[in-house]
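Chains here go by letter, A, B, C and D, matching the order in which they are written, and residues are numbered from 1 within each.
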């Protein structure tokens, strides 16, 4: 078959060590593995997004990915002009026609993280930091809180929204604030700003949960576990289907049952073995549908 | 020749296409007072700016004590012992007196020792008979005081060659004599002084020699002793000038056109500047207002024209109380015209061409506009007509008015404020910085307006002008009118007493 | 000779663009891309390609209107840093009019939405205008603060009360199609906003050039004291001008909503208000030049994106080149051509040539 | 409010205020200096970013925070030279130059960061550790907040009185103030207007750069693209709010940081109130403060204008 061409449009910079970088590296990785041709645009502001999608379609890319929920609407508008092109909205909500959405089961992984955090917390307070109340980050936070309470019925989770994905200093202050209120396991979920939060946690000698990649490699003393929403795995699976011409206009949600796409990372030594095995059991139960994370 | 002093040789300077100076020669021996005379725009200031390093000449050279010097900057000029008092005040208004004086003073090191400088400055000021508070901010000082700060600034730097560009234009007559005495004292101390003035009597009183410039060239260079002032004036302007009283008739009417009662206003700093002023002006009468600058004259003019909100009192025009009217209404419906003191800041928009400045007052009316639309062509025609009739010298009415000399700018303002046929004409310091020819032209216009039956308020610090054109003279001191007298009764003693606020007379 | 030099002088922005592109070529080459190819994509894409041109025009709408919202007050002596906030308020008010008002005929509702947007921006301009005129408070700081407030306000509304149920991103319900602005190029995003912008520029030019109102405003900008002296009510005019400028900024936001996104998104303007400042100065405050400057700037931005897509350049290079181009063009416009100086220079050269030809070395004329 | 009661919470709160204010204070002092000399320095945003980038590069390449500081200062000074050359030397409009420099710096720092820091961009850079000042740091509440800080915070403490002293107590400061108000007057007494302006602009940019250095070397130990995130604009607002006086500007920055810290706190205690409304608090507070307290403030008269000798 002819070479499949994939393009991804990123709203932020590809070096944000978070969402955008994960998307970029995911496509890059999948393209290499599957032998696809790929292109990307970064820092595409909202007004330019429809044209960026359309332009790739015109340029003959057969799969065009809009990286983030804000692309839902743009894709919906562009997609019917290019019926032969497959569009994918990461974290989208409405699949259909030639539009697929790809997302993760944020609640499930959040629940596991919350459970581990709850077990490790000494104060009984956890902290969650998001940038903006987008559906998926609210889900993640809710899952985290639910898991935390499951591990510690008397516990509570403080939540902060910084209103800024990239302001590192603000991310740090938000973490320090939660810590000063007694939280000792913090789960930040912004973009660039995550670095600031982790920095704050590290300074105060508290614990944190990583996101998107196995963050323990960069923060060995701080991160106890990571919620790995692995764009590489997810996009590899998704683009693999596309290569075989099986990509459909439906929702591809990757949860714990597809560990190549969504899984937990490496435990730090701070997490007792007993907790680790409990968590493993919980994961199995979630997969089996025995725990309702919603 | 081994001249001790300053020598300028073949100095020329061009601005754009305009030759401001063309081969000017001048010699100023050490320890003399040398005057420069010339019409507005003759190039006096330009020549001095070159000497002070602000401009570079296009040709020619400067010799000091026989040695050629390249004066590349004011700093270099100061190193050579040259100090300059500029035609427009060069004071930073937000700074205090002493700060202005020490600004740029070399050898201060890292510390700003204001207290010490203030002491020295006070001593210096005393020795010249100036009474000044070194810690006062400049914007709070009246003009005459600011001029003294400028002089102190130069003296404090111990300059040997002092350039004074129209230093007396903002001084009150009573201050002038003291100032000239100061110059003589400086000459006695061995300083060399270049003195630019339009006032021939001052030149006659203090200068040793005079150089007359006309259109960028030297038209005469002669000793002051033995040259009558009228001769100097002729050489400046190139024709005979009527210097003293212009002929005038008695007032044309007995109708009281303007009635001011108990007018009160505050100045920009919130001080009570007008403390209840009352007077009448009849149609076809010129009421002069004399007094030292800063005694409420500016506030009076502004309160009359609506530019300043009066705090109390009434203004009546032909019996109608107009106290509540705004600027627009006063100027347009009520026919009040105003020639402001500050030509550049208030009377003109320097960046606009001449013809647009001509329509500033009445641009909303015919012939400058019809309905909402401007009529540029007809405005140009009007401006050209005025330029001809008022003898405004310029290249084109499309030229930015910034490039006209002060006298010509003033003529245009007069044309604008008079051609609309006003009922009340308020004039403030109309001859400041003008040459004798221009002064004559201004006074002709004022008298012609009087003939037409306009009520005229003529505010000036130049007593001589007031006495020569006004029908009655009101003297202001500290926000009040201390007396209103006829010019014939105005002996120097009497006026001096009124200006000093001594005599109190009832409104005539 | 003089004529030739003047010709070169007239084209100085072009030389500036070329120079800056030359500098940018270095960056592109280091990034491992052929600069020629990259620039072909940039300019071909932004100005010659149908879809690219459409993108450029779509982008020109907010940039041009924001530019006008800066130019008009600047000619009256006011610095409006607040076009960004005015854009947001315009977007907010117009989308509220589109989504919250009872449904009515588009003939009525579209103008209503546009007016609402203008009103929103106008109010956001009125505040600094009023504070400047009657309280003497610096308009620069007020407009900066109001920008942040407006952005957060829209963020709140788009992510809170007006957010579409279950949306993956903070945005409102979609505005019904009847209220959308007409497109000016089929199958593209280019909408009527840019036409309105150009018309408003011509109107502004006309007002400043030919009417008494414009003359009065210009006078305030050049010498407010003289304006007062001539009977112009300066304060009132300052307030009015800031309202009008705000309204035009508001239109920029309105058209983004009604013409492009058809929803109220949070953070929907990526700094168009600041682009407006650049446009204002590149156009040297001339409303007639503003469309040219805005067209150029939007082309540069759109072309940058196309260049990214076509040859795979990173956005960082594109941004650096944009910065360079703006600096160079602004620098070139700052150069003033002094005829007199040139004439004299040529004169001296001729004298020198004559001197050399005639073998005269001992010129008595002193220094030159 | 619960957190107001206990001391350690207060210490945390005021430490937050201090940390949030430090970069803005540096930049705002830079703004004061430039604007006092009559140059509107809109490129402070770019200077913060440039300083941050320089700091990260220096710390990464040389492995020490001091190296970072040196690089940060140099990079910011380079930006200052560009601004001075264009705005003061060539007299190009200060606003456009500033905005264009911001765009250029954003692109260039990102570009170079990818080139130089590349794959190591995630790792923590060497930075300054807090240094407790003996005795002072043991004062309750004040001690841990003010006197257990990193060197750049101490530098900030110094910079405020130093700028004040410079502006009001030295002949150079007098020159600067005169030039900002009435450059012709300064020129006629031999003060070089372009020279002083250029020095002020470069110093101003270096101060902004120090703000960026603080971000990287004392606060987060990593460089991220566009990490200045609007702080330069806030600094500009603080300059006006503080009426071009270093002491008042410092107060304005603290006020701003205080309301920012407060809104972060309030947000946690009131999770039901939309967070965007809290994000507005610092700006609204500044707005209200300005309208309530700042009467007619006169900026340096010559601000934003190009000085040409003889230009009447």
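Annotations
Definition applied: a contact is a pair of C-beta atoms (placed from the backbone, for glycine too) under 8 Å apart; a residue touches a chain by one contact, two chains touch by 3 or more.
The chain list, named the UniProt way, goes like this: B = Simple sugar transport system ATP-binding protein; C, D = Simple sugar transport system permease protein.
Values in this document were obtained by computation on a predicted structure and should not be read as measured data.
Looking at subunit B and subunit D, the chains in contact with each of them are C. Counting C-beta pairs in contact, the chain pair with the largest number is C-D. Rounded to whole angstrom units, the spacing between the C-alpha centres of subunit C and subunit D is 28. Subunit A and subunit B have centres, each the mean of its CA atoms, that are 76 Å apart.
Our note on geometry: subunit B versus subunit C, Cα centroid distance of 44 Å, whole angstroms. Subunit A and subunit C, compared by their mean Cα positions, are separated by 37 Å.
For subunit C, residues that reach two or more other chains under the stated contact definition are 152, 155, 159, 314-316. Looking at subunit A, residues 13, 133, 163 sit in touch with two or more other chains. Contact of a single residue of subunit D with at least two other chains is seen at positions 110, 114, 225, 276, 279.
All chain pairs that count as touching, in label order, are A-C, A-D, B-C, B-D, C-D.
Partner subunit C is touched in their complex by these residues of subunit A: 7, 13-14, 39-48, 50-52, 54-56, 58-59, 68-70, 72-73, 81, 89, 91-93, 132-136, 163. Of all residues in subunit B, those touching subunit C in their complex are 10, 14-17, 58-61, 305, 307, 326-328, 330-332, 338, 340, 342, 345-352, 356, 359-361, 363-364, 369, 372-374. Here subunit D touches subunit A in the complex through residues 3, 8-9, 12-13, 15-16, 19-20, 23, 110, 113-114, 121-124, 215, 219-222, 224-227, 229, 261, 264-265, 267-268, 271, 275-276, 279, going by the rule given at the top. Those residues of subunit A that touch subunit D in the complex are listed here as 13, 15-17, 133, 158-164, 166-170, 172-174, 176-178, 180-181, 192, 195-196, 199, 218. Every residue of subunit D that touches subunit C in the complex is listed here, in rising order: 86, 90-93, 95-97, 99-108, 110-111, 114-115, 225, 230, 233, 236-237, 240-241, 274, 276-277, 279-280, 283-284, 286-287, 290-291, 294-297, 299, 304.
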